[in-house]
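The letters A, B, C, D, E and F name the chains in turn, as written, and every chain counts its residues from 1.
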Amino acid sequence: MKKPPVPLLQNGVRADGRLPDQMREVKISVGVVSNADGSAMVSYGATTAVAAVYGPREMHPRHLSLPDRGVMRVRYHMAPFSTKDERKSPTPSRREIEISKVLREALEPAVLLEQYPRSRIDVFIEIIQADGSTRVASLTAASLALADAGIYMRDLVVGVSVGLVDGVVVLDLNGLEDNYGEGDLPVGYMPNLKRFVLLQLDGAWKREVFLQALNLAVKGAEYVYQIARDALKNKYMSIAEEIYGR
Amino acid sequence: MKKPPVPLLQNGVRADGRLPDQMREVKISVGVVSNADGSAMVSYGATTAVAAVYGPREMHPRHLSLPDRGVMRVRYHMAPFSTKDERKSPTPSRREIEISKVLREALEPAVLLEQYPRSRIDVFIEIIQADGSTRVASLTAASLALADAGIYMRDLVVGVSVGLVDGVVVLDLNGLEDNYGEGDLPVGYMPNLKRFVLLQLDGAWKREVFLQALNLAVKGAEYVYQIARDALKNKYMSIAEEIYGR
Amino acid sequence: MKKPPVPLLQNGVRADGRLPDQMREVKISVGVVSNADGSAMVSYGATTAVAAVYGPREMHPRHLSLPDRGVMRVRYHMAPFSTKDERKSPTPSRREIEISKVLREALEPAVLLEQYPRSRIDVFIEIIQADGSTRVASLTAASLALADAGIYMRDLVVGVSVGLVDGVVVLDLNGLEDNYGEGDLPVGYMPNLKRFVLLQLDGAWKREVFLQALNLAVKGAEYVYQIARDALKNKYMSIAEEIYGR
Amino acid sequence: MASVSPYARRFISYLRREQIKRLAASKNRVDGRALDQTREIEIKTGVVKTADGSAEVKLGKTHVIAGVKVGLGQPFPDAPDEGVLVVSAEVLPHASPYTEVGPPDESAIELARVVDRGIRHCGYVDFKKLAVEGGKAYVLWVDLYIINDDGNLVDAANLASVAALKNTQLPAVVKDESGAVKLDRNNKSPLPLETSKVPVAVSVGKIANVLFLDPNFEEELSLDGRVTFTISEDRIVAAQKTLGYFTQPELEAALDLAIKGRDRYLEALKSILGSS
Amino acid sequence: MASVSPYARRFISYLRREQIKRLAASKNRVDGRALDQTREIEIKTGVVKTADGSAEVKLGKTHVIAGVKVGLGQPFPDAPDEGVLVVSAEVLPHASPYTEVGPPDESAIELARVVDRGIRHCGYVDFKKLAVEGGKAYVLWVDLYIINDDGNLVDAANLASVAALKNTQLPAVVKDESGAVKLDRNNKSPLPLETSKVPVAVSVGKIANVLFLDPNFEEELSLDGRVTFTISEDRIVAAQKTLGYFTQPELEAALDLAIKGRDRYLEALKSILGSS
Amino acid sequence: MASVSPYARRFISYLRREQIKRLAASKNRVDGRALDQTREIEIKTGVVKTADGSAEVKLGKTHVIAGVKVGLGQPFPDAPDEGVLVVSAEVLPHASPYTEVGPPDESAIELARVVDRGIRHCGYVDFKKLAVEGGKAYVLWVDLYIINDDGNLVDAANLASVAALKNTQLPAVVKDESGAVKLDRNNKSPLPLETSKVPVAVSVGKIANVLFLDPNFEEELSLDGRVTFTISEDRIVAAQKTLGYFTQPELEAALDLAIKGRDRYLEALKSILGSS
């Protein structure tokens, strides 16, 4: 483990001024891609994900469609300019392929796919700026884009990360904490149903730290959930106004 | 801009002895690939393109076919031994992909695709030797191969390049002029219909130079057109003789 | 030609103690991959090939199926850890692609493909350890896996290699002899029908050496054939016992 | 690896296309614009903090982000004393229902190459100042990200590129312990530009022999011809016919119309280019 | 390049799935195992003579070979004084009727990355001892070869990896005439390991709200949830939910069950790790 | 990445095939040739001015161009003092209605590798003279371009390769300012060859147990067996069965027939190889 360029935690305050259980500023807008059936942009601090949903639409090639349920296709990808320092190659890395899979498997339990037999729902996520916690910001964005597209869902899925920094469990890792901290637990959570749909630990944590981290993740997810609901409401308020305005 | 190894223009004469408005030697043969439905080989000086046409034939995969018109598929590719100095990688470059597209879009306005619903017409072009003006020699070859295949066409498409050399507009750039000149305007033209179907400028030209270059391109295209027509005639003369000879 | 690290032949005995016309230890087990319709593992000394057969099964995409016969698909591939020294890249090399083809063309004359119209038979071969003669060990393994899958066959196909070492024709080249010897003749042979189905020479051999090598190959193939038949029998004996045991 | 007629993928109904053609024949447009009128333009810079330069352009509903990353590399053999420009374009699957996931297709490649040629020839970027000692050169990676495609990507993408370049900060070149050069992103200075030479790409559409600026998505699916002129000061620095055909008088008229469009785009760029 | 719902490819009949679910609801399993029972485990090392280390694991009918090749390369920039681990997985077309020929798909990539993360964080391999002078590092290429897939590949592949690493002999580093470093495979020593810290991956399945260890192939096609915990001593060194969902109490219970499973797998590894 | 039965792609009618087989059974051929007769051969060299060596071969209607490019590279580790040969083949989409656009398929790869093995073992090219100081070597890139496929590509491609190599001029090796070696294409000398050792590939077809030389396209689609022998002086320098099967007596007869064919091809090469 390398030494961080600045102390990650001093007197209980993180390098960017946050408390351990504090999210960075969360910004959410819904309906940002006009051609898409649904879309959302989510920022956790300097991490920004844009998600667009197309579908339900006809499945091609047809022999891959399912008679009793819809199929989801999820792509997570990072823009070449989204990372610090060098340009990232646009070719999908093994990491991006794995994250596409875990995001799909985090969204599937939330979507009523049985309502969409023989169809496909496409979820495309692009990281515009990366400063840690990109997969969980992606998950929130994807779930909002699905809701915006009017896809039937059991609950919104909210993503947050928890991590360990100088032995303290912290919420919403930024890039610095991700690189120099003692591990990272991205979590996807359905706040109403209280179900974990994404869980990946990259660290070496004792049982009690892990359980403590889960608790903090739930707290963080509930916080983000409120903002997400408001963003959805705003979108539909403004549509109503637009219709009213006519 | 690097200095050319020899002066490009001296006393109104180009390095290879041509006048500004002079084509290199144009050689055209039609029907050079016996398996193809149509084919042609076109040389402008030391630039040689071979085109073969297959079709109209059934479109695979079928869901990409169009109910009301045929589809064209065009490939421009350079042989590994066609360039000076180092071997060219056979993997299609971005340049080759772009040229395949502009050649397709230059041929489509000439072909009566509406006569070929649900079908595909394939045009394959290979550069055997490259000494400048490869895409326009390709265009002439492709158009002759289409005609040789009996595909209905509104007009032949003839390609020529014009360029700027020491401030003078010249016809049919060779490799030296292409590398060391002040810009290049490949043009595709239908001489009877007087329509431009390919136009790409790579340079920094004033309006009057551009217009002057268009005029010279038309002149060049009309010159090549005569040779192309003769080559087509010769092919059909020799077929007639062959049939007569039986 | 480089000098070998040890003499390849001394007093008529090869570096690993074998006589010129002697195979390495041949180990064969049938039915080693439980999910497969048929499978076999074949070792010639330290060369080990595992073959699995799936099929006859429906051909996808269907337009590639044949109305009057089955189609075979054969893949020969080497594990990244199967070679000496450096890790082999898992991307199929030109060599692996060529060998897949010659193995398919060695198996097709043995299989009654006309019994399987519109179907596909898949043969997958993986080299786990390579010490020379991998393609011929693969051939034996593939042919046994086909038999194990109950595919109708005209005869078993047995593969052996013959080579030239210090001017002497030898059977079953190992890696050392392959690298430092004077050429290599992998052979595929149907012992009952006495037909050669694989033949590739990489060397510079006089006519009489070539013919002598063919004779030795036949001898070697007949030897391996006995072991192969016993292995098949054992498999079915043990199945019988298993059924009996119930 | 071969270029196939792409009509099948993008779709507009026959009736709608006929309507657009009838409108055009009487010099009207579906969205009510005049023939020489572009859609609304919104340009912002510095929108991507992780990039060395960035900009976002909205041209009507067409939405493009350009990000510039600066690297170190080998200069091109035929320009050993100049920096290197690499323009790439990715039409995100977000951008329209017709976009497929995968590496850039021929349209994205053409888009990037047209933008690239415009920048390369006009003198906007001073490539001579981008050579680095020891036979190296700065590499400017310009990535064009199409977020939403409502037509005329090339004009929007070109605007985004030139704005992002204007926003670009060049990391200093320093030597590491072994004497090799590397970039120091804590020490940056503006990219050397000649803003008066900014290249502006202007696309002209043709329907029913009528020419107009800035075709939107529906118009693009009804075109008989499209040509893009990239203009820098009094020069054409790139031209590309990307659909159909033009007669010589049409080409001249298209060029004149493009010059008008250039003025409109320059106006939109003014606040960006002015601020130094 | 996008992840697609893979249900279509692998198939189990509706009736069989319902049967498995009914059994699970009453805490029974199709193959008669107890919920906290793994299948039979067989581990052999040194099975591939051409590898620098190798192992073969059979977990029931699931069959995996792990081969380790040692190379020389550049260390990761953020760990310049450590060796490099590269784990790859290939599910051979042999392994099941559902496997296609081609480069590793997302499942194989996830498998390799979960195994990789477990090894990376636990201290089992002493990466600090794998730096090589001159800015180089040893590279450990661990290739996981799935010969037969009867479910729960990750537990089997993880066992095979750790056993193959235990079996690995590190070639000495020597200099050639030009002073460049290279490997000498005639001169080998054991890979430096801390065997007490061996990471053990344990997957827990959930059907009908019932948790169990080591799901087999049929159970995998009936799962409502699956999570893998990789455990080293008293630490969780990797976790990955790979299907469905879990409530917080379920996650805690799954972790406890995984610790039981870890003991079972450790037992099977004992003879391998003991022999030095 | 797996080899699939290719019968579906190339097509000949059942009736035509039966006719060809009946003819063969009575030792006749569709085009009237004798069994030991090749088609007309036309060989020209120097046909591609941009290449360092080139040749064009027409064998009946089969049409091949071979281009040689000379480069500098690393020698193979097991032959550090020799030049490097890289043979590639591309069956152009021009060549037949059955050819698809894309990277070389298994048939093109086999074609290239059979030609490569023939050249590699016979002593025709003096690879020892192609080492370059400083651990480098000349690389001979031989690209085989199939323009029209009327059968028996390997014989035609091999003739084109050996003629193109005979035509090859080797650029001198010079040092640039930094002392690195590079090629000087203004200063060339002939490739060192031993023309007496020219390798000649001869394919023998079998239909209805009858053997014959130089199968054309229709015959290829009717074959029961095909084998290629590459012969240099009194040695077989490559052999490849590429279809069907042969008995031992058939193989011996095929070899004898191939030696006859070799003489015919050598005759056609005489004017090329003679001129030095």
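Quick note on the criterion: a residue touches a chain if its C-beta (ideal position, glycine included) is under 8 Å from a C-beta of that chain, and two chains touch if they have at least 3 such contacts.
Note that the coordinates shown come from a computational prediction; the quantities given were computed from them, not determined experimentally.
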{"item": "Centroid comparison with chain B (C-alpha atoms), farthest chain", "value": "E"}
{"item": "Distance-maximising chain from chain A - centres being C-alpha averages", "value": "F"}
{"item": "Distance from the mean Cα position of chain E to that of chain B, given in whole angstrom", "value": "57"}
{"item": "CA centroid of chain D to CA centroid of chain F, Å", "value": "48"}
{"item": "Chain A and chain C, separation of their C-alpha mean positions in angstrom", "value": "51"}
{"item": "In chain A, residues with contacts to at least two other chains", "value": "75, 122, 124"}
{"item": "Contacts with 2+ other chains: residues of chain E", "value": "1-2, 93, 101"}
{"item": "Of all residues in chain F, those that touch chain C in their complex", "value": "1-5, 7-8, 78-79, 106-107, 109-110, 112-113, 117, 121-123, 227, 232, 234-248, 251-252, 255"}
{"item": "Touching residues (chain side chain F, partner chain B) in the complex", "value": "48-51, 54, 61, 63, 65, 67-69, 71, 88, 90, 92-97, 101, 103, 141, 143, 145, 147-150, 185"}
{"item": "Chain C to chain E touching residues, read off their complex", "value": "33-36, 39, 46, 50, 52, 54, 57, 75, 79-87, 90-91, 122, 124, 126, 128-131"}
{"item": "Touching residues on chain B, where the partner in the complex is chain D", "value": "2, 64-66, 69-75, 92, 94-95, 97-98, 100-106, 108-109, 113, 122, 124, 179, 183, 185, 190, 193-207, 210-211, 214, 218"}
